[in-house]
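Read from first to last, the chains carry the letters A, B and C; within each, the first residue is number 1.
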């Protein structure tokens, strides 16, 4: 496994799957059904790809129980509950991530009083402020800027050209993708017109264990008190999280979502791409917000909402279907109304 | 005040408020009602937080006249017209912004002919082009890039990893948050298909006094003539302003708004998050555009619009309410129409 | 022409137009109708600007045949099929782009085994990884980061503070504007809850000839297989393209559009600003997607769609018009339904 090679049998053991076919089949790579060759393992996750399975040259294939006996295609099959999870495991085993260059590049700048445990990888041109604390095995990309007094746990990865403002608190294994901005002042103003003044932002930003922030996403610091993202919450690219937002654990927030100030979101919430949430709302645990929905009121736990203003998704669908039936009747209904008015 | 400490009496004088309770109460910090301790001042701005006031341990509280006599909670109260403005003033007095490190970091690059007045703070790795002019007390963050011939007024703050293209003109006290991009070529094409060519962008970008640009926001330069943002206009994170847009003074433009090319916006306009404006439109002074609205026609001064296509907000609400009442009637209306057709 | 000066006659020849008026009129600049002076050429592209033409002080004007004989305004006129294309040509001739400073700035970092052909311009603080290959005449801006093994064709322009991940493949004349992020890991997860794991992204990102990526736009790498943008496709600012998306040739994708994972888009597709596309869809050649549309199903070739869920634009307009007529009738229709119910 160190050399990125497995047998089909070893792979089945690794992913906890049930093998049919040749356990000695060598597997050196992972590829899509179309691109896989005899040395690759591929996967089938949905019925739409059965024709590609049947035409695939893959040496082995990961698939769920319902596709176990699909005729045609690779005979060496590994039956697993979740093929995507198994693919992720296979990729990690077969194409391990390249090890970073440990050490501090001579062009990186490290401020006074900044310390880390064990090893660290700081790339060219990175700038660490003063009294920054980093755990073990942190990686800081080229040009990344980490502000004074910021704290990072173990195994954090701060990619190229990210900016982390002073006083930010990161847990373990936090990942910031290129261009992510964390902890800058939010958009809050007092007064109006020419007398408008920026509200100072003295609160910080806290990203708990295993939080990931997408490329060019922005998370503002709190004005008073912290902006907080709970453990395991993942933000896709270009997401905006305003000051004093509190997001629970294990949320998935897709690209270009915007969350306005002081809104509170529970655990295990899913927010589809380009959805927007107004400020000072509460979204309960396990709520699902559809892509492009516009949330302007509280959302109860477990609800699935869509549309603008966002409300129960099934109700939205019912109303849309009803209005689609009504629209073609408009002329007749207008005549009916006229007749009715005449007879009044 | 130099040491960040005030009495409640001194704070009341500072914010122009009326004190009830102990004028000698020492105040050293500002915190939310939940987080404040006996040495902190807090604030109450809306009725929803009265229970938090009543449970608060804050030493003093800023509140508007209507909450002056709310029973329970801190007895030392400062009555002010606008508690948020007073909080901003208190924060500035009690937790002053740290002074920047004045001077030019040895790793910063300063082009030929670039000059500034008085003092300047240029952080590690910043790159100033040739013949750049800066006023007094400007601050340039790590990795920021300022193009040739760009002009900055006094007191500008150009945060880490911003890019300002050549020939940009910034007034006084302009702020660019991390990752803001100002003055790059816009998205304008001539011809079509394989013959499509980029329209050269020779115009510049002008940000007047007190303009602020949010993190990762983008403001394109003009093709011919300038893109202009008027004095006091504020852009939130991830806003997009296309080439040759002209925005008036004191507008507030929330996160992820997009404004297409050559659109003209008046003074004191508010645009909610994720709203989009098509190109070549005119939006009058004091117009209010709701979050997520899609503007595809001119908007008169003072109008409040929402929806797609954006139109008068009250009309949108009326139509939505009417359609919500109609939807459940669809089956009956279909039967009526059938009957009516039969009897025709 | 080397000194950026032309006569009206020479300009007419350059743009393939027909001249009326003085062929010896000197032309030194290009400006809008309002801003042009006697030494400038301007242009008229739409009827709304005829009054500006009539008041213009421009020395010459480019216009299409239908405005050839508009009375008033500049008498030296060059009649062309596409005035915008002619303006672009005039701008290129009269205000040529400044030549970059060829060479590698001493503060740039070039990794082992990285090579280029002919000349190159690498600005201060740029970081090129190992075994990067660049063609002729490539320009790399300040702070740009190019990952290991990435390949660039001839004439590429990688602006300041862009990040290109390892193993990316760029064709000729590819342009990345400031802050563009290309090739980072996508947003794909396997498992759920606390067992959620990132799907490794081992595929790459491929940008074909003449692709341009807007400021702060993001294009994720593939998980298995590549994310591909076809020749001549242009992305505006803040666009998001997820992992394994395939976009054809010559598409125009406006600001803040989001395209979810594995969606496939044909050639010559136009996508309006802030539109969103769900994952795993197919959009046919020449389709037009209106601004802010929400695409959740396949779109056939040549279709014009709008709204959420996006469908035929004319059908959307028809239904909107019908519902706008129905809404005011709601009370009468409710009474009709009541009467009908009573008489049942």
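In the analysis below, a contact is a pair of C-beta atoms (placed from the backbone, for glycine too) under 8 Å apart; a residue touches a chain by one contact, two chains touch by 3 or more.
Since the structure is predicted, the reported quantities are computational estimates derived from the model, not experimental observations.
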| item | value |
| --- | --- |
| Angular offset of chain A relative to chain B [C-alpha, multiple of 5 degrees] | 120 |
| Self-contact between copies chain A and chain C, residue sets same or different by half | different |
| Inter-centroid spacing, chain C versus chain A (mean Cα positions, whole Å) | 26 |
| Residues within chain A bordering two or more other chains | 107, 125, 143, 161, 179, 216, 238, 256, 274, 323, 326, 333, 336 |
| Chain A-facing residues of chain C, complex | 107, 109, 125, 127, 143, 145, 161, 163, 165, 179, 181, 184-185, 187, 189-191, 193-194, 196-200, 202, 216, 218, 220, 224-225, 238, 240, 242, 256, 258, 260, 274, 276, 278, 294, 296, 308, 318-319, 322-323, 325-326, 329, 332-333, 335-336 |
| Contacting residues of chain C [partner chain B, same complex] | 30-32, 34-35, 82, 84-85, 87-88, 91-92, 95, 97, 107, 123-125, 141-143, 159-161, 177-179, 212, 214-216, 232, 234, 236-238, 250, 252, 254-256, 268, 273-274, 291-292, 307, 323-324, 326-328, 330, 333-334, 336-337, 340-341 |
